[in-house]
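The structure appears below as structure tokens.
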Amino acid sequence: MQLGLVGLGRMGGNMRERIRAAGHEVFGYSNDPNVADVKSLAEMVEKLTETPRVVWIMVPVAATEALVDEVGALLSPGDIVVDGGNSKFDGDGARAERLGKRGVGYVDVGVSGGIWGKDYGYALMVGGEKKDVDAVKPIFDALKPEGEFGYVHAGRHGAGHYAKMVHNGIEYGMMHAFAEGYELMNAAEIIDDVPGIIKSWREGSVVKSWLLDLLDKALDEDPQLSKIRGYADDTGEGRWTINEGVRLAVPMNVIAASVFARFVSRQEDSPAIKAIAALRKQFGGHAVKDA
Amino acid sequence: MQLGLVGLGRMGGNMRERIRAAGHEVFGYSNDPNVADVKSLAEMVEKLTETPRVVWIMVPVAATEALVDEVGALLSPGDIVVDGGNSKFDGDGARAERLGKRGVGYVDVGVSGGIWGKDYGYALMVGGEKKDVDAVKPIFDALKPEGEFGYVHAGRHGAGHYAKMVHNGIEYGMMHAFAEGYELMNAAEIIDDVPGIIKSWREGSVVKSWLLDLLDKALDEDPQLSKIRGYADDTGEGRWTINEGVRLAVPMNVIAASVFARFVSRQEDSPAIKAIAALRKQFGGHAVKDA
Amino acid sequence: MQLGLVGLGRMGGNMRERIRAAGHEVFGYSNDPNVADVKSLAEMVEKLTETPRVVWIMVPVAATEALVDEVGALLSPGDIVVDGGNSKFDGDGARAERLGKRGVGYVDVGVSGGIWGKDYGYALMVGGEKKDVDAVKPIFDALKPEGEFGYVHAGRHGAGHYAKMVHNGIEYGMMHAFAEGYELMNAAEIIDDVPGIIKSWREGSVVKSWLLDLLDKALDEDPQLSKIRGYADDTGEGRWTINEGVRLAVPMNVIAASVFARFVSRQEDSPAIKAIAALRKQFGGHAVKDA
Amino acid sequence: MQLGLVGLGRMGGNMRERIRAAGHEVFGYSNDPNVADVKSLAEMVEKLTETPRVVWIMVPVAATEALVDEVGALLSPGDIVVDGGNSKFDGDGARAERLGKRGVGYVDVGVSGGIWGKDYGYALMVGGEKKDVDAVKPIFDALKPEGEFGYVHAGRHGAGHYAKMVHNGIEYGMMHAFAEGYELMNAAEIIDDVPGIIKSWREGSVVKSWLLDLLDKALDEDPQLSKIRGYADDTGEGRWTINEGVRLAVPMNVIAASVFARFVSRQEDSPAIKAIAALRKQFGGHAVKDA
């Protein structure tokens, strides 16, 4: 089938290749004319001669909202806009409604797999109405890994982004579990070969996982991680997961702790610990470190 | 080679089969005469005609300490005792020393893989002196999965159990990350198909892992987990991991939270929350629930 | 001065008494005619003969929004609406703006002190413009405790409710710290007299606090807390505090843990721990408890 | 009565003054001859002419064990050694037994109050046998604050140090609750006067406490805490509290989080977060910061 694809960055660019490799026709648009197939959104839509026309938006969250409306305005009843970015789930319903007033369908897709997805396939979590989801199915089949896994129609509008949010929340927690174990083994006197232990777990262990494979790979490249600073950004989904736990009264101790640890990693100094040090000085006369 | 194997329960019994399948001769001893190959430890040791004689102890932690000494007393200089149970690492040094006085070697092995290890192989983390570890190597090769992973000589006496302890600590954290995400999706209004989402993640996602495969399997059998109560035991390694973090000043927020959550799951009522409810009544006149 | 007071429940009723005791004239309105001084909001406003007229709203959060507008519509330019309820800070700006279009001022007040405030005075955290805050100052002086503490003009519209939110978040964390210590001492074999220890800390200790005094009082009434179930509601501010931490990238480990513990206390069964138990059964053959 | 006092540092020195002010005779021994009343432990014991002789040891934990035995050897049946330091509770039983073989009694005392205790009195938590505790009672009465609070006989040997351990664990949690709230208010856009808010809570609020008074005092001296670095030591009791929670299966989320946060504050760089950053680079191509 044909697909309009808006956004050809690290994710979008790879996805274009994978979709094309599956035999589909992709018209990619980007701000960067060097990678774009078409010069404008309008030209992209024009090239889509089959109906329903499907346009997949794969851009940073901040740019998505405006683009959904802009693309929607170029489409006709029956056509479909797909948001494959890391948008927050709670905006999907309103987008679907806005597009729906013009008869345009909306599908939200959470896409996992990072830079490895091009070769191995992407895990896709999809939200929207069945008829729209079905229309995009050939593209989903091209993007997902081979076999029975890697794709789900999770529910109504927003369910795809919701499932991706939870996926990322879980990912934060898993990463931090490995990180704590890694740090502990590095501190333990009797452990001689931390990278060797990590590597050994890749088969036969209960913690066998892709994240573990990647940690092993990172340690192959830099056994002490001596070239990397302990600084970690977060991309929103972890925070939203906590907020959803708070909203729905679901305890989130592990995922929250993993997100909070990233916050700490980005602080030059901790106002909270300043207060602790100030208190210790007050009641116990304990020495403080000068700022 | 030949191996004496003490303990033929869920783990030991399967291991005997896997070792035999690799062509080794195993003399298994158990309290249960129906599964034992020999009638006594003495008979077991007698059957071991090759030197060094190697005896692998695979029994519950509580029974290990006495058995190590009992078996050690039957062996001769150069022979080796292997403890493959979930013993705490900090006792390994003393055991090695006690056996060492009689010239008997000691190897501690952390064994992961559970009931699946028989077919897929066990991940083995080994601590001890190189000459002893080398002598047991053919057995390790039989037990581990095929390929380059699944085995590590982690360091001196205790390092094998230490690595297994950390492995299990990480496992606790990973399981709880999945558990939180699972609970959140069940609470979310817009999610229709939680088991389907879990299943979709098995390929292409960042959280791809054996634990996820098992969660999918569990949901195939009982999609709402309606037959299972939210009650979880813990087997010691998670607690020891926290204590080690405390000892070495390594923050353990995620692993600690996952262990604490199991503590809560086993309480009929929470004294801590009783105190909270009592306080709320005192300062705010908030209603309490009668016990 | 004169004050219109809407809401004469546990808080509002006590506040009316305290304000009157300070010599001010209060016209209280309530849905309950038995406690109301006036029959309608309109009558209440009519009775306020001094300008600017000040009406203090002290009702449950859910009812506040509509009342602010209803009262505002009865007032004239220069008059002032005070919201002393536990409203979320992020709605204060819009309310101030809506009232401001009619020339009516708005002041948000976080009120702490619970049922003890009537006698001891309430801690007041105030947000709004200086001229409006100054106009209400005699009422604040009546409500606050004697002495230099118990009152702050924290900042612009919303700052009063924000400070109250943080106050309550801290309160959650403090309560839970006491709760954990209380539970631990009850579990410890060598501790004979938990209530006695709590009581002893009331003077001379670092944890000396009003919450501790209240815990002591609760234990005087019920030394084992045997009449209270471990079930604790939460009133919103703790959740908002976590969400603000998430928004501003401020680590909230302690306060979040204290709120999550209340979530757990209200669950019949834990879906998260069901998932853990299901996983343990899958990989280790560990027994589960039937639901 | 008469008291031998070993250790005249920040705590011991102040305690000597307070005990003397109550009319008792104190013979203080210290390594520092400038502050000591006697030249040796032997001379100290000689000066104690009343029986039973009571010697209170108030030295850093590391020096306590040897001193208890050294002092014990100088005493006679019926005499009493008091350990008022921050010793770990689980050593008290063995000390009591060792001294008991010589007929010497042992009392463990947890002492709270820090540098303020001299004037306000110390909170005392006492463990040991009633007859020994009774014999030291006049000294306890001198040290404790006036009034009904500030003293408890908590249980058998070790109970005093146990109660003090829990007290400090709670203190860690309370301090961190304040610290989180403090940091959040500093980050909030609409809060103008953080020190003013802290000060306002000192009366009428639910968080009214001595720690809050001290935080206010610290902010009076340095409103931004700009002279203090966010670095906090810990003195053992917090760690022991976690370990006890782990041992007794008591959830310790809040206290553990507060201790872990201090660990983080002392790290130059976080190995755990290095691992997180390495993983993010591997799966997502996310940039890392160079070490």
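As written, the chain order gives the labels A, B, C and D, with residue 1 at the start of each chain.
Going forward, contacts are C-beta pairs under 8 Å (C-beta built on N, C-alpha and C of every residue); 3 or more make two chains touch, one makes a residue touch a chain.
For reference, the UniProt names are A, B, C, D = 6-phosphogluconate dehydrogenase.
In this text the structure is predicted, and so the values were computed from the model without any measurement.
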| item | value |
| --- | --- |
| A-D or A-C - the one linked by more C-beta pairs in contact | A-D |
| Of all other chains, the one whose Cα centre sits farthest from chain B | C |
| Distance from chain D to chain C - Cα centre to Cα centre, in angstrom | 33 |
| Chain centre separation (chain A, chain C; CA means) in Å | 38 |
| Chain centre separation in whole Å, for chain D relative to chain A (CA means) | 47 |
| Junction residues of chain C, two or more chains touched | 114, 176, 178, 180, 183, 187, 206, 210-211, 245, 249-253, 257, 260-261, 264, 272, 283 |
| Chain A to chain D touching residues, read off their complex | 10, 114-116, 175-176, 178-180, 182-183, 186-187, 210-211, 214-215, 217-219, 222, 225-233, 253, 257, 261-262, 264-265, 267, 269-286, 288-291 |
| Touching residues (chain side chain D, partner chain C) in the complex | 89, 112-114, 117, 120-125, 127, 144-145, 147-159, 162-163, 166-174, 176-178, 180-181, 183-185, 187-188, 190-193, 196-197, 199-212, 241, 244-245, 248-255, 257-258, 260-261 |
| Contacting residues of chain D [partner chain B, same complex] | 206, 239, 242-243, 245-247, 249-253, 256-257, 259-261, 263-264, 266, 272, 283 |
